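Listed below are the structures to be examined.
In the two complexes that follow, chain A is the common piece, with chain B as its partner first and chain C second.
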Partner chain A sequence: MTQEKSWKPWALLSPALTAVFFFLVVPTLFVIVYSFWLRAPTGQDIPAFQFSNYAKFFADMFYPGLLIRTIRVALEAVALSLIMGYIPAYFFSQTKSKHKNMLIILILLPFWVSFIIRAMSWINILGDTGLINYVLLKLHIIANPISMLYNEGSVLMGLVQFLLPFMILNIYVSLEGIDKNLVPAAKSLGCTEWQAFKEVTLPLSLPGVSAGSLLVFVLAAGTYLPPMILGGPQNAMMANMVFKRVIGTLDWPFGSAISVILLVLIGLIVYAYNRYLGISQIFKSLS
Partner chain B sequence: MFKIKGWSLIRFYTILVYIWMFAPIAVVILLSFNPQQFGTFPMEGFSFKWYGDLFHNTTIIMAFKNSMILGSLTAILTTAIGIPAAMAFIRYEFPGKNTLNTLLLAPIMIPEVVLGVSLLLFLRWLQQPKSFLLLLIGHCVLTLPYVLLVVQARLVGIKRSYEEASLTLGAGPFQTFREVTLPLLTPAVMAGMLFSFSISFDDVTATLFWATAQSQTVPVKIFAMLRNNISPEINALGAVMIVLTVSIPLLAGYLARRFSRRLE
Partner chain C sequence: MNNSIVQLRNVVKRFDDVLAVEKMDLDIEEGTLVTLLGPSGCGKTTILRMIAGLEDCSEGDIYIKGKRVNDVPVHKRNLGMIFQDYALFPHKTIYDNVAFGLKYRDVSKAEIKKRVTRALETVRLPGVEFRKPAQLSGGQQQRIALARAIVIEPDVLLMDEPLSALDENLREEMRQEVDNLQSELGITTIFVTHDQREALSMSDNIIVMKDGLKQQEGGPEEVYDAPVNHFVADFLGHCNFYACRILGRENGLLKVEVADGKTLYSEHDEGWDVGKELELLVRAQKIEVVARGDTIPDTEVNIFDGIVKSRMYMGGEAWYFVELQDGTVVHAISISREFPFRDKDAVTLHIPPRHCRLIPKET
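Let's turn to the complex of A and B:
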């Protein structure tokens, strides 16, 4: 009986594992191998094991600058989604409205709407002839349109538009998990509303905050579309450079090296998060 | 007194976030009715002109057909391999379970450009040309983790005892799956299919790597159109996409509720 049972999960898993092995694991290994290859001046790829692609990346400040910008934009996206997401998540967890579920579905609804359309539409809002400039001009607040598009701010608008639901959902789930008696207990012991929030609710919601932040960071670091649509050339991020090198100039080895560096960045963040969570878990059990 | 004031501030802030989330969507729909040559403000008049143009644009109709076929096939395939995998993770204990689960969920964390490059590189090594099959395989890899998450979450909620009861009453394992587990799992299957359809339908980044001139999807087409300038036709196309992608999950939710009511 146990003999018969032991092969069953493997049989169930085999289609998914085969697919992921051949179409994810093996191709990713190819990227790593390719990043050590040489590119001949004729455009051919020569099998080799050397680090010239990585040396090229770190040769001057151009490519490392791209890496730093990617990290900065991802951190800004995390900060913005926290600022914009915590209060709505708190609202959802506290509201007594009977439409609560509908309100949550509503904030997740844009998630279903094609991202390219939501990103593109910021042009309609921020552009020189867009909604904001149109209103400000009509009200005679400004004489000439303000240029708001094709900078890091507009890239962030598009990016956070995409990432905010992830953050709200994560924080909401951890806020919902907090024992509803804790805040009244704190208040009966003399805490003010604000103190109860600061001392009880906020610390207990941190697992959701950190999980949301990790997800937002990782997704933002790999982003391609918002800098393409809402940014200028000076806003290009790592993913844009991968595309440019691979599809644009057909430099597969160098494009692979940039991909590997991007993967390492994300891997390090996830690893650090795991470690950090392990530590906080110990703190939790101690207190 | 302070409490009520604080709460109304929170509510006000939340409303602002809603407005911020929905502003781009509302503006696309509004501007799609602007008959002006440039798809921007001010609105001068109201017309369906750009929708008419849209239906006569054969490349967009082609892209639409591609997107629908690709999305549907991706949904079917991914669910077909995702459900057994989810069953294995929830219903069985075996060595290496957590590692494998992480591996199958990994594509969420891997940037799409890297997925795009890697699959293309593999294809290059195999000396195969880009094709529709590549797109289909790629989209399955892309959407599998989401299907897995949705189905696993649902499976945890289905009590093992239903299956055990069926087994003790003499049904075989396959019959039990078909007549007990699968009907209970239907909402998860539907959700998984919807998820993978809509992710496949919306995907741009990886698809840009994989698509050929013949297998362009709607978002890739929009992306190409954006490179020229933002024409009112894009707004109309965007509005159609919005109505379509939002109505599908709402419709499915409605149907599921009606269906379950009839069962009761």
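Let's turn to the complex of A and C:
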């Protein structure tokens, strides 16, 4: 009987697997293959197997510096969404309000609006002729507009507003899973509210914290739109460089090599995470 | 009454508009095991949580060891609390679980070790220090929860349906264990349950509750044999209830007439006036069932003939539903080695006058 049924899960998965294979695995393989090709001075891509694209990446500190900045910005986004996400997640897990589900839906509401529009709208608020500067100028609080856009801060803001829901939901799910009697038990044994939080709630929510952090990190490291729309040239991240090489200078081999380096790096981080912490927690929050 | 370690005075608890506990007065004597018994939603857990300090009372005062504790936070009340689902800390070892309360009590490391070891011996689970709670069975986890609560030498042990997550056999074993431990340590215990057998077998005192109100307070025999109202009688076991009217007194017995004209005699007499309408109750276990024609020694009253309408065999006991000539059905539970009667057998019922109780008529 097991013999007969063993193919069934695969049959049910086949549409998804086919799509993943043709639209994700195959293109990724193309990119990997491309990264070894040679770009002729004439602009032609010549099939080859050589490492000059990778050598070019590590030739000086420009591209590695970009990689380091990408990781730094991604880590900053993780830290910010962690701090800004834990508090609402904790609130959702504690509240007895009957509007709780409604509030959680509100967290997801920004996803209903295109990300580009959300990022662009910040220009109308933070730009030199934007809302904040307009008000401050009119009130004569400032003489010249304050420059608030096109720096790392505005990129981070764009990242955090996009990634925060992932963090909140991950932490919320693990807080929700904590037995509601544990904190009263800790308090009855002599803990203050804060000590009970440190002893019980915080450690038991760490799986959600780490899952949320991984998700935010991976999404931030691969991000492309926030630095493009809200950042200046000095805020470019890896994905922007890929865009610049592939679309701008049509240098597919080098653009592919940059992509592969980012892919390998993120792959290693996810692998290490899964090895030591287990990735299943992420699926729990997504279901 | 100055022996009371826990006192509640006029305690009221409201959740929004819902009255959960209504004017509760309670005196719990040092060293006793007191049970709050009632159906779910009767307010028993709320009272426990108010004593623990996990809920505020809306009105009234709570005293522990003579000191008013309304404004004392949970962690300063020195109470041991045990929850239905054990509430062990899943990320900590058994040792750290049991040592948890001591850590917050300025006890030296060496002393903690000694006391944890002793507590684990007390609950008969030595040597599990370095396991995690999930590696223990439900019964073992509940014992660890017990060890964690008693190791801090609390003034009062509060138990919120601690046995209801366990299966039947384990529950009986744990019931004995908790009872033994309680009398061994002499620790005042407040036990919340909806299980009447649990309450009857363990308690020094039972407080029966319904809809936030105390219905009756007394020893197990008292609440079982002399319930004060219909609810208490019904909640504690199988009963036959009949509306009745007092006719008078004969040979030192109270003579009552039940609805359809039958007369019964009762030893229970609180000096009611003739003509007073009450409710008569008889526990199903107290009714004797004999074969028709067999004599019942020493009595001529409260004897009725009937036919077994249905019989339910329950292993240690048998339930008979006996239809009398006038159509009344009497529920009798026979607890003996043999259960000879079958459906349609002619039997005679004897309702001993000393087991008849009269309670106010349900309104």
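Some notes on this structure:
The criterion applied here is as follows: the second predicted complex is superposed on the first by the 264 of 287 C-alpha atoms of A that agree within 3 Å, B and C clash if a C-alpha of one lies under 4 Å from a C-alpha of the other, contacts with A are read in each partner's own complex, and residues count from 1 in each chain.
Here, contacts are C-beta pairs under 8 Å (C-beta built on N, C-alpha and C of every residue); 3 or more make two chains touch, one makes a residue touch a chain.
What you see is a predicted model; the values in this text were computed from it and never measured.
Contacts of A:Ala55 after superposition on the shared chain: neither chain B nor chain C is touched. Look at A:Ile146: by the touch rule set out above, it reaches neither chain B nor chain C. In the superposition on chain A, contact of A:Ala186 is made with chain C only, not with chain B. Of the two partner chains, neither chain B nor chain C is touched by A:Val264. Once the two complexes are laid over each other on the shared chain, residue contacts for A:Val113 go to chain B alone; chain C is not touched. When the two structures are aligned on the shared chain, A:Ile46 is found in touch with neither chain B nor chain C.
More residues of chain A are touched by B (comparison of chain B with chain C). Contact with neither chain B nor chain C is seen for A:Ile68 once the two complexes are overlaid on the shared chain.
The part of chain C that touches chain A in the complex is made up of residues 49, 52-54, 73-75, 77, 79-81, 83-85, 87, 89-91, 100-101, 103-105, 148-149, 152, 158. By the touch criterion given at the top, residues 2-3, 6-7, 10-11, 13-14, 17-18, 20-25, 27-28, 31, 38-42, 80-82, 84-85, 87-89, 91-92, 94, 100, 103-104, 106-107, 109-122, 124-125, 137-138, 140-141, 144, 148, 198, 201-202, 204-205, 208-209, 218-219, 222-223, 226, 230, 234-235, 238, 241-242, 245-246, 248-249 of chain B touch chain A in their complex. Residues of chain A touching chain B in their complex: 5-6, 8-13, 15-17, 19-20, 23-28, 30-31, 34, 84-85, 87-88, 90-91, 94, 106-107, 109-110, 112-125, 127, 129-131, 134, 161, 164, 193-194, 218, 221-225, 228-229, 239, 242-243, 246-247, 252, 255-256, 259, 262-263, 266, 270.
Those residues of chain A that touch chain C in the shared complex are 179, 181-182, 184-192, 195, 199-200, 203-204.
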